[in-house]
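Pasting a structure here, questions to come.
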């Protein structure tokens, strides 16, 4: 429902105000757009916020992703929550540094986080304390470096693993074509 | 021997290892539009009963182990049909750390069908081609697997630990 | 002489059985609006299977399973008078001998499948045997009135007694004939009751670990089985006077079974057993009552 | 005096076995000599018809004994089975008392066969159940005392009913001998017959009286179950014959409906016990129910009461003795090696115990009555007899029961021998000599009598001919009845012929390699060596849904109800004895007053 | 021919000599009872020949009946006397193996034997009352000698009801004395027709209650379970074997010889049935094995009385022989049970079924003994009990009381239920092992052997029982031989 030209975001403001009142300036909250709130929280405040949001009404733990800011040497963990009654997504994101910093597990708040944390551990190498089964998840007998990290060179790995000599030369005789939009690959 | 070759060519029992996107092409070929059964090809449930193995799409290392196991469980003479470009050279996953690039390094393949998922006509065409090869007695890729067994095993051992993932019965 | 005569018979019946299977696949294909394989396709399949070089076995019993299965069904064929002349001249086929010999086939396959220790095979055998609990009793109760009406337990005499058209068992006892048809569907293991060989659920049931020549033997077993089971029904309810009528009869009955098979989905095992104790049992009991009242 | 001598031999060997208890070897030899001696003595010395007067003249009860052809028939079965049981039992570690009890239970059983009058019949019948009770009590397993208790209660119930029947008979006919009572007026003779029949129905575990059987068969020592189920249940069959032919010969004329009810009870027992059998997960309990189901057929045979239905019943009793004890023997051998009865824990033993496998294979073929074996002729005769009596529903019920035989026998052989070998059974060997010997010995009659039943039908027909008009034409190999004709060896020969044919087909085409256990189609998923592939337990689990409620009914509930009533009465009676002296004094004075009041009238 | 009067005199003298011997040395008293019973036994055995057709009259101080006190011994009473002495002797040997502080116990025991043999042998009514008193007082003492709460309570109850019973018994004697003027049983039996009907009836009621207490009929037997349970095991053996048997003798003598089986008998018939049923049902729910055995012996007594009343109704010699067989079987069987129960629980006096679990397996010999006792009481074939049960059923069948037969069989089933329960618990699980002396085991073995031997070869017992029953049956023979042409 439009209110003088600006979509009325009653729920979002209400939630924003609540978070600010409870957590004060420890946590930065800003509404990105309708139905979407971003919360930047320091590492030690993430789990309390998750717990608070859960009892606030955000029952669905949609996703846990990890972004590898290799330049800043940081991993950004983003917890996506969603509440059906308010129809609002909350993205709680926190930064931990890349080299062997561990993150407390969120299993006891949201069980759904179980597999997401395993996947992130396998793909990025993030340690989650208190997680019962971190070990091998998707990749069987994977010995190398967690593959999703920016510093993992796939091409070199492929040449070494599948002993394909010059990967790019052999597979592509033609030079790279500039992309000319859909339906124009000729 | 000629009678067996003829009967083998006319009745190929297919085991369909549906990995990757090739699986979508099989239903039209089986059902009324293209009906492969008229060539005597029926989908079979287990490797023991089938003689034709369809690899329809890219094979990650994980699925390669299972494919090798299925292939070894099939009674000889057995034939392999590689669908799509992913089996030829890894297709669009050419630089993926997980997908194997050349199928014939690991199991002998009789016929490749190129195309990023060939249409049923191409599949039927491949089947007919395979029929003639069998009838003429040329399709003996399976013999290659038995003769240079170590070579195949060496290739496989590069990709995964063969010792752990192999059936230990006297061959 | 009769031994040679019998082997010829067995060969003939096996080939005809395979042709029946070919017809079945052709008919189902046409129902599904596609051409379907040539009629002689099963013969090719069997030849291909026997042509296989390296097949795998899980032990003595596993390899003997198909052998016993084929023996069982072949000996049942021996005791079943096809039309008015019987392969073994001096012995005129008896209902109970045939019914009990019919079990040797599945028992042999069950032993073989069990040896392979593949859970799919054992689940399949459990289902096949429990299904037998369903259809076997119905088939027996359906055929009882005819035998009781003609005061004999020998199939041969029943055929003789049926003679001309109006005396057919099916005409006198239509209700039990209907029940027998239900039972036949289960006995043949066709679609609504294809629970034992359900390819999608338990990977073709007992034949999971059978390849090559074993599967060939099992195909032969299935082929002869078709002729024997339909033949049993035809003998009892139609009493064909000569062998041509016998095969025509079996073909018609088989055709009906195939039509049902092509169209019907598959039962779950407890549904199937409970189904058999519903309408077919009622029909069978009505058939028996009819004998009591009518006599 | 020959019979008395026989009983003496057996009794003495029993005592000697007990005295020599600790010295294992000596005890075994003595008991072996006793058993073989008894068997040989029985076979050669005892002739039908001779009356061996034991004549213990106690007041007016004459303890006469006599031999009828039927008792020889059953005597040979009993002594033969006892020998097999004995040889197998040497492998088990059981003490002197065990052997003494088993010898005495044999003594009781033989005594029953020889008894001519009802009191000595009861005497030996009671000895038999007393000593088998003591053996079941010594059995292994923690529930053996519960089942022993049930066993003694049920056999006592049967015995007391028999006693009541006897005394009613003596009261009306003034003679204790087993003489005909069909001339008595009124339906007192019906009551006498029913009372006399109860102990035999209990012994052959017909449906309402079968509650003790599964417990007793499972919990007694494995080898003794061979004798208990194979041998002692035959006494029940012998009792049927005595009750239905000697004591009440005109029953077909006077109470035909009773025979029909008896036949239907037998049929229901056969099918229900069959259904319970294939639901069990314990090998011995499964076999116990299968034994009850097989004995159900015998009851049907007697219920139909035509000449060759009784011949079928007796033939089936012999068959049951052969293949049931074969099955129990094999299970005992397996228990000896794997120390378990639970079907879930066994599997894949064919590789380790081939002889037991063959024994069990032919055992189950006989149990399900497939032609070349002993199980088929009796079943065939039974069906013909019932159809001749034009009772079509009964024949379908019996046929249904015989199908359940397929189910539980396949479950037995599959869960024990086929499937995947468990890790702990890796190094077990074949069952020891005792069991092996028994299996081989039992296999011989299984085939010989299966292909030419004439051998046994002749003596049985000789027995039954005396009471019922014979209408079964038979010679050594084939049988013809008014309905049909079967040539048994023909079936056997054709099957072997065809087996060779298909075996040749099997040999011609290509070689086959032996695959390792885990090289199995598991949708290509990887399984390692000790992955549990064996589908032993809950084999017909889904059937529970198919049958649903009827499976839950059990006679146990009815029994517990009347137990509650009796114990309620007990409570009241106990109440009387509570209280202290004052209350008792009050009782006396009250009693005195009442008596005087009653008697006052006459003062 | 040693006159049986010596039996009574000797036991009396020895009983009272015990305190003197005690003064001499502590160890002497235990040897007196076996000596006494042995001598009695010897005397009685020598007299067997002399008991001719009817009863043998022994006069004291030369006076003829009906004035003086005299003993009337016929085969029936001789049999009971020998039974009492035999069991007394065995029990006294049993006591040897246990050291007792106060020697008074042996005195009580001898008095008890005295009372019992006195009742059995006396021909005079009042004399029987005197011996009955001695018997009851000594048994109160014996029961109470258990010295724990249960024993005292049992003894007290027994004494209270025993006293009431014997006083009514005395009243009955007085009524008879008034109406006939004499105390001698045979004489009263002779004069019976002349007594008016109402007096006979009233006196028979009095006797019924008096003896009823002793013989544990239904309403009067409330004391029995507590007394049996409270007493020590040997004493309850004595109770069940000796004292109750004398009660049976007294009942037989009075109701059959004096009253000739009329009047009170059909009351006894119904009372006995109720006793049997109530006792067996009460035993069903018992958790304490000792009390269960008590109920079962009360039930057996009911059965005995039932047989006597059946004899009174349609008597023939066979019914009486069954009565004697039952009495013997009960005496030996029940005695064996109580003794073996004692040593099975290692004299710890807790007889709960749970504690007995597996005791039979732990000490096999005792288990065997207990099992023989139970199996014999139940009536299993190898044992003597079988013949008594079969003859019981035959005698009831002869009196063609068919419904009673069916009822009895049902109640036998109930009896089997709780006995089998005990046996099954006894032989299952792990029990404690107790050390038992050689003497008790040998005594029990004697009991057990007698049961098995008579079970296998019952002929001699039948003959003894048969002529004892014959002598009881001829009432006139008894009277004429005693009075001798008065």
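Chains: A, B, C, D and E, in written order; residue numbering restarts at 1 for each.
Everything below uses one rule, namely that a residue touches a chain if its C-beta (ideal position, glycine included) is under 8 Å from a C-beta of that chain, and two chains touch if they have at least 3 such contacts.
Values in this document were obtained by computation on a predicted structure and should not be read as measured data.
A.B. asks: Starting at subunit C, what is the smallest number of hops through touching chains needed to reach subunit E?
C.D. replies: When the steps are counted carefully, the minimum from subunit C to subunit E is 2.
A.B. asks: Applying the touch definition from the top, give me the chains sitting in contact with each of subunit B and subunit C.
C.D. replies: Both-contact set = D.
A.B. asks: State the pair with the higher C-beta contact count; candidates are A-B and C-D.
C.D. replies: C-D is joined by more C-beta pairs in contact.
A.B. asks: Any idea which chain sits dead centre by C-alpha averages?
C.D. replies: D
A.B. asks: Could you tell me the distance, in whole angstrom, between the mean C-alpha positions of subunit A and subunit D?
C.D. replies: That gives a centre separation of 72 Å.
A.B. asks: Averaging only over C-alpha atoms, locate the centres of subunit A and subunit E and give their separation in whole Å.
C.D. replies: 97
A.B. asks: At what distance in angstrom does the C-alpha mean of subunit E lie from that of subunit B?
C.D. replies: Here subunit B and subunit E have centroids separated by 98 Å.
A.B. asks: Rounded to a whole Å, what is the gap between the Cα centroids of subunit D and subunit E?
C.D. replies: So the centre of subunit D lies 45 Å away from the centre of subunit E.
A.B. asks: Do you know which subunit C residues sit against two or more other chains?
C.D. replies: 50-56, 203, 208-209, 212 - these are the residues of subunit C that touch more than one other chain.
A.B. asks: Give me the residue numbers in subunit A that touch at least two other chains, ranges are fine.
C.D. replies: none
A.B. asks: Can you work out from the touch definition every pair of chains that touches here?
C.D. replies: Chain pairs that touch: A-B, B-C, B-D, C-D, D-E.
A.B. asks: Which subunit D residues qualify as touching subunit E in the complex?
C.D. replies: Of all residues in subunit D, those touching subunit E are 58-59, 61, 108, 119, 123-124, 126-127, 130, 137-138, 144-146, 148-149, 152-153, 156-157, 160-161, 163-164, 167-168, 170-171, 566-567, 569-574, 576-577, 579-581, 583-585, 587-588, 590-592, 595-596, 599, 602-603.
A.B. asks: Would you pull the subunit B residues touching subunit D in the complex into a rising list?
C.D. replies: Subunit B residues touching subunit D: 17, 46-48, 65-67, 69-70, 73, 165, 167-171.
A.B. asks: Quick check on the complex: what are the subunit D residues that touch subunit C?
C.D. replies: 347-348, 350-351, 357, 361, 365, 368-371, 376, 379-380, 383-384, 387, 390, 392-393, 395-396, 399-400, 403-404, 406-407, 410-411, 413-414, 418-420, 482-487, 490-491, 494-495, 497-499, 501-503, 505-506, 509-515, 517, 519-523, 533-535, 539-540, 542-543, 545-546
A.B. asks: Flag every residue of subunit B that touches subunit A in the complex, lowest number first.
C.D. replies: Within the complex, subunit B touches subunit A at residues 61-62, 65, 89-90, 94-98, 100-102, 158-161, 164.
A.B. asks: With touch defined as at the start, can you tell me which subunit D residues reach subunit B in the complex?
C.D. replies: Against subunit B, subunit D makes touches at 513-516, 518-519, 521, 524-526.
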